[in-house]
Amino acid sequence: MSIIDDTRLRPAEPSRAVVFWNRYRRNRAALLGLVLFAVVVLMALTAGLVDPGDPLRRAGAPLTAPFVDMATPLGTDQLGRDILSGLFYGARISLLVGVVATLVAIAIGVVIGALAGYFGGWVDDVLMRITEAFQTIPNFVLLLTLVAILGSKIEWITLAIGIVSWTAPARMVRAEFMSLRNREFVDAARNLGVSNTSLIFREILPNALPPIIVYASVIMALSILLESALAFLGLGDPNYASWGNMIGQGRAVLRTAWYCAAIPGIAIVLTVLSFSLLGEGLNDALNPRQKQ
Amino acid sequence: QDVKTGGTAIVHMISEQRTLNPALRASTGVYNISGKIVEPLIDKSYDGYEPVLATEWSSSEDGLAITVKLREGVRWHDGEDFTCDDVSFTAMEMWKPLLNYSSALQANLESVDCPDPHTAVFNYSKPMPIDLFVAAMPDLGHPMPKHLYEGTDILKSEYNTAPVGTGPFKFVEYERGQYVMAVKNEDYWREGYPYLDRIVWRFIKDKSAAAAALEAGEVHESGFIGVSMADVERLSNDDRFDVGTTGYENNVAHSTVEFNHRNPIMADLKVRQAMYHGLDIDYAIDTIMRGFAKPGRGPVPSAGGENYTDDVKTYDYDPELAKSMLDEAGYPVKDDGFRFKLRHRPAPWGEYTQLWAEYFAQAMKEIDIDVEILTNDAPGFLNGVYRDHDFDTANGWHQFRSDPAVSTMVWLRSGQPNGTPWTNQFGWKSEEMDQMIDDAASELDPETRAEMYHQIQRKAMEELPVIFAIEHPFISVTSKKLMNHHNTPRWNSSSWYDLWLDQ
Amino acid sequence: MPIPPLLTYALRRLVQAVPVIVLIMVGTFLLLKLAPGDTVDALVGDMGGADAQFIERLRIEYGLDQPVWVQLWRYMSKLATFDFGWSFVYEQPVATVLMDRLGTTLLLMATSLSIAFTVGVALGAIAARRAYSLTDNVISTLGLVFYATPSFFLSLMMMLLFSVKLGWLPVGGIKTIAGFYTGWDHVWDVALHLIMPTAALSLIYLSFYLRLMRSSVLQVADLDFVRTARAKGAGETRLMFHHIMRNALLPVVTLFGLQFSTVLGGSVVVETIFTLPGLGQLAYQSVIQRDMNTLMGIIFLCSIIVVVVNFLTDLLYARLDSRIELS
Amino acid sequence: MSQDRQDTAPILEIRDLKIALPEGSDRPFALDGLSLRVNPGEIVCMVGESGSGKSLSAGAVMRLLPEPHVYVADGSIHFEGDDLLAKSEAEMRGIRGNRISMIFQEPMTALNPQKTVGWQIDEVLKLHMPAKRAERRKHALDMLARVQIPDPESAYNAYPHQISGGQRQRVMIAMALALSPRLMIADEPTTALDVTTQLQILKLIRELQREDGAGILFITHDFGVVAEIADHVVVLRHGEVVEQGPAAQVLNDPRHPYTQALIASVPDLAPPAPKPLSDSPVVLKGTGLKKTFAARGGLLTGKRKAVTAVKDLSFALRRGETLGVVGESGSGKTTVSRLVTRLLEADSGAVELDGADLLACTPAQMRAMRKNIQMVFQDPMASLNPRKRVVDLIAQGPIVHGANPAEARENARELLELVELSPAAANRFPHEFSGGQRQRIGIARALALEPKVIVADEPVSALDVSVQAQVLKLLADLRDRMNLSLLFVTHDLRVAAQLCDSVIVMQKGEIVESGTAAEVFTNPQHPYTQTLMSSIPGRDWTPPVRNTDAA
């Protein structure tokens, strides 16, 4: 053994998950985000277990204030529906809308962005023109149009939100792909005879994911806000208790029964906040740039 | 109290009225503005029909000719004289071919003769009941100045959005999306009127914002339930405002539940009756309408005068009964906990319609019927229900227009072409009912006519082609600074010549 | 005479924008045709009903009885001559309808975006400067909270507080109706009316700029040339203003261009609540009314605005980034 | 001489400096007990492998450590007798750039891209020199002239991106010397530059320092540079000083085994005896290759000028031969390697592999052909997919070409042993290895397909010298054992000299000279080749006889 020896391995590092977690928990705000997020998830999961069943059922006298009747601890709305129950079921809808719309947006964005960024040239030109077109139409107006076409079913609303949100991830994926496709490991794989599809999805995509995952939290937050704005305009799906619907209807009684709108409003603020904080935490953990 | 003259009254309007020509568009929204600028031949007061531009009217024996005497010395806002030519032109060029609803009413109008400048003779090919004619005139009888329209494309005339009339106020400007303004007509034929200097209609789409504007004193009146029901109730306890339904006697609406009778389940009378028993109408009136309503009793509302009767079959809230009726009808509860599933389309107008739909779904769930609400915007709704018939149940509100013949009967009469909104597109057809409606429409004797409508009303309550669940007038919130307000049964559509502002 | 490079550049951008705009127009047209119902349905709905012949006649009048592609062709060939057509809902030429609203919307967007931009950038820079301190935490948290608050919620709360409770600000509208102000009084009046809507819009977008600027500053502060400047003996303030800011602004400027159209969408809700006669609300109404021509006009106008704004941000970018030369 | 050094008053004196690293780092102290002094007019070179703490010691002197995570835990730093560690931040600002100045490695990024060169020089003057604007401008122009920038006036108004890398580094130097500092710290100031430019810069630093009599703390990892410039050498390893002394002594008679090993790793310039290859078959042959990067410009930049990266290039590579491609940055070396492997499409020309024209293959045929021609890349980190385990990285090629995955993985483990890595490495991810180890994995991956030709683009230029030697040795061993042909691209002439049988020298996309390594190195014909050869830093220094076994 000589003094300089580069064949001896370093001791094995802790697994990625552990490293990730260690980085993540350094950010205290992100931890708060995680806790809030966990609460929302828990609410979504336990809706129906903890609380009286159907959130659309008449549960008590209309417009009972919070903490007055213990059967409806957070009060009831105009039709006597239990707000607490709506809050729990609403968590389910908000998460569902957030997650599914995000998946849709990311899926479209990844495909378009990956093809444009990987192939460049005219493929890029065509796809980017389409992306620009989508970006130029105000997204909320497009959303309204889609909802006008598809109707206000929660499935369609979610899909529509996904459709209006894909441009940003597409641009991002494209940028990532454009920088990654010139990286040597891509050349290395190509030089091994790997096909384009595998190059795109097996070699490049996994490396492009971290910023996309971070951005997913932004889309998720925006999706929830979009859904609530739709509901505010009366275009929500009334078959489900969603926070947006609750605010949309609650605001009619804002002056007399503030809690109908304020409680779900705060729930939205906290949930969106949790996504944002989560996103920042993920960003710190996945793309460590600056050392604190 | 002494009348004060001058001042500007500011009125809230929920939605913008793009055209202001009441001879092209019959809708309360249009009248709300145009009523002050353009006058009808006849208006309605609490004492009955009141001459405006017409001074007297009479019918020939056979009902084929109606003669109307016109007021003399009336001038259009541009200074031209108002004459029979204007009436004749408007009736033939606008009321008959272009005016919604009026086309059906005037379908048999052959010509309008002008024996002298202030006499108009309406010639019909089939008898026209004078009562019906008169009842229709406040809404469907606005003459427009011939000299401004003749020889132009009437639908694209600039005067459609800048109307020239004979009314107490003259149109000034229309700022899209913001307001319409009209000023005092110094040359008004009613001497000494109007009191106000100016009226401004402000468009505020958002109901909460409208309530805020009322409270901030930026708006004096909001009609047609322009604020949320909660705010109506709240402001009714605020002594700065008069809140009430007076002045809407001629503008009463029903909140309804409509069935698609093409669906065999809905076609089953027992099911419809059971569903009616499942609806707690009183609860809905209390919570949704805040008490400003009463239970419906069929197609003619209590505001329908002699044509109305309350001697009809009624359906009390009794969910247990409803359930057993459904069981009997052969729709027991299945494994999924429901008897059957309904796709329900709510009309997208207004907060309480939405709530009514949600209450309907809620109530149906109590009797084990699953209701899926399909929300759409207006064209989507109208298409879904009235053209594609893609629904099981629907709800909305329908306005009664002072006479059953020109309003509610279309919901029961079969035979309208597909896609005509607010007609019987429900797949319900009863030869008997059709006959009864036709007979009533051409019956000239008022008493017999009323009796015929009672029959129709009773039959409708038995067979329930549509549930006329709640009858509600509209509600106004009015600042107490306004005087002489809501003093006619269609006040928001009237000319407001005697309105004044106490300040 | 040689054409100035800026002009050629502008021309090239214009030519590039044409296919995008055509794509948008055709896409929107077809999309809207997919929606159930048409203008006539909406109009009749608005009127409170009409009889069958009347409806039939309107359809023919508006050309809605033609096959879709005929309608599309008619529309596009008119558009090519900058004829936006007639709005059946407003019974006015679309161009008039749009021009009525454009001013308000541009005013609203311009003020809220510039406030959002300047305040966001300033706060972002301050937060980054004191990264991980209390100041940073307060600024960042506030930014996130505003970002997380639905705009309608914020608007309603503001209206409740400032108009109803305190009576300081008018509830809505763009000016005092029947106020008949002129000159500076008019300007002041409009400004008063715009305070709340502007605040509601800008607070939301502010947080975007704030967060981006913060991370951008942190990133730039780590770059070598900042270290060089430090080694020259430059103080923190000098570093921030002369070295970091300008470089950190670049991504923020890009976002500014990208976000412009989003703001128009975002203003739908705010305009509705504050009754501002702007394009956002008009767009929403046009969708609901199936007012094809008006909606298409808005989208067209909006595309033009976005193209212009992107062009301007590119110029700004080029001005800020000496590495880019327009040719 | 060592006596003299102690007598003069030092400009900089560091004693027992300890710099603490944040918790969780690989070692608690980045620097542990560094002592050194810099006398006036003296260049002290600090050498050591990557991560040994060189940059942090410079940071400590400037008081620009990334506190509070990294801080001076112990020791003292005296500058002209003053205790720097006791100075306030304001006092330090007065010293930085004025009495102590600094040059950094990357001239690309060390200048603010948004400010003109003149502004940036002016900034340092403005901060420390009470003078009028015109006066400062004149001074700045003088400085630019002093660092031999051709047209100082236009350089003054230029943005950094408008001048070349070498000129940028001159600007940095001008900035550093503008106020005649007592001490200048240069952190690898020439590493990013071409050999020819490097030599010019080194000479410039030397001259200017002679004129001003400043002390220089010069950080480098290249013993060639040390030999070129140093008066005194400090050798660092893992934050500890292993040896220091006068340059001549450390270079020619290193005492510490580590220093000895380091010096032994420096390739010497004598090429090996030519192998008898003329009768082996040609495996790879390029004819008339041409590549022009036609410029599809960005939206904003418009059309860029077309760059001809390679024009009319022909070569032949025989079995068992190593063909070196040398030339300075931008001469087209990488382009050649990518054309040959068809990672770039050539504009014209042919590449024959065992007689088959690669450039004429269909994509599918090409994928099959790739088996025969493999690559080793420059950046050992960037060329390994960070999301894949080593075993999968190595087995990927065979699996793509139809091998049984389980067998391919088994093979991969064996290959790891071949490149002298423990099979335990198989299940790790690339980031868990050092640079040299990663390059070994890269070699194993190339070998997994049992190719006929390996194309290596600067395979060792990202590695420390010591490791470089080992990787080169491995490569040479494998080549000989498996009778591989190697197309070896490098800008480092020392490396080329050590490994290559024949060499082609490129300039601006063209071959200016080719021949056996021995011919080209001992008797360069073309003037360009001659300049290249004479620019090799420390070319007059021959590392002492290897008395340690470096491997």
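A, B, C and D label the chains in the order they appear, each numbered from 1.
Assume a contact is a pair of C-beta atoms (placed from the backbone, for glycine too) under 8 Å apart; a residue touches a chain by one contact, two chains touch by 3 or more.
Note that this is a predicted model, so its numbers are computed, not measured.
Trainee: More C-beta pairs touching across which pair, A-D or A-B?
Mentor: Pair with more contacting C-beta pairs, A-D versus A-B: A-D.
Trainee: What whole-number Å value describes the gap between the mean CA coordinates of subunit A and subunit B?
Mentor: For subunit A versus subunit B, the centre distance works out to 46 Å.
Trainee: So, what's the distance in Å between the C-alpha centres of subunit D and subunit B?
Mentor: Chain centres of subunit B and subunit D, defined by C-alpha means, are spaced 86 Å apart.
Trainee: Whole-Å distance, subunit A centre to subunit C centre, using C-alpha means?
Mentor: 24
Trainee: Quick check: what residues of subunit D touch more than one other chain, meaning two or more?
Mentor: None at all.
Trainee: Indicate the residues of subunit A shared as contacts by at least two other chains.
Mentor: 148, 251, 254-255, 292
Trainee: Residues of subunit C that touch two or more other chains: which are they?
Mentor: Each of 35-36, 156, 160, 272, 287-288 in subunit C touches at least two other chains.
Trainee: Can you list every touching chain pair?
Mentor: A-B, A-C, A-D, B-C, C-D
Trainee: Within their complex, state which residues of subunit A touch subunit C.
Mentor: Against subunit C, the touching part of subunit A is residues 29, 129-130, 132-133, 135-146, 148-149, 221, 225, 228-229, 232-233, 247, 251, 254-255, 261, 265, 268-273, 276-277, 289-290, 292.
Trainee: Quick one: which bits of subunit B touch subunit A in the complex? Just the residue numbers, please.
Mentor: These residues of subunit B touch subunit A: 207-208, 211, 228-231, 233-234, 286-288, 346, 348, 351, 354-355, 357-359, 361-362, 365-366, 372-377, 379-380.
Trainee: Touching subunit A in the complex: which residues of subunit D?
Mentor: For subunit D paired with subunit A, touching residues are 22, 66, 69, 257-258, 261-262, 265, 338, 341, 343, 367-368, 370-371, 374-375, 377-379, 382-387, 396-397, 400-401, 420-422, 424-425, 428-429, 431-437, 440, 442, 445, 449, 466-467, 470-471, 548-551.
Trainee: Which residues, counting only subunit C, touch subunit D once they are in their complex?
Mentor: 9, 12-13, 16, 223-225, 227-235, 242-243, 246-247, 314, 317-318, 320-327
Trainee: What residues on subunit A touch subunit D, complex-wise?
Mentor: Per the touch definition, subunit A meets subunit D at residues 2-4, 6-7, 9-10, 12-13, 16, 183-185, 187-195, 203, 206-207, 291-292.
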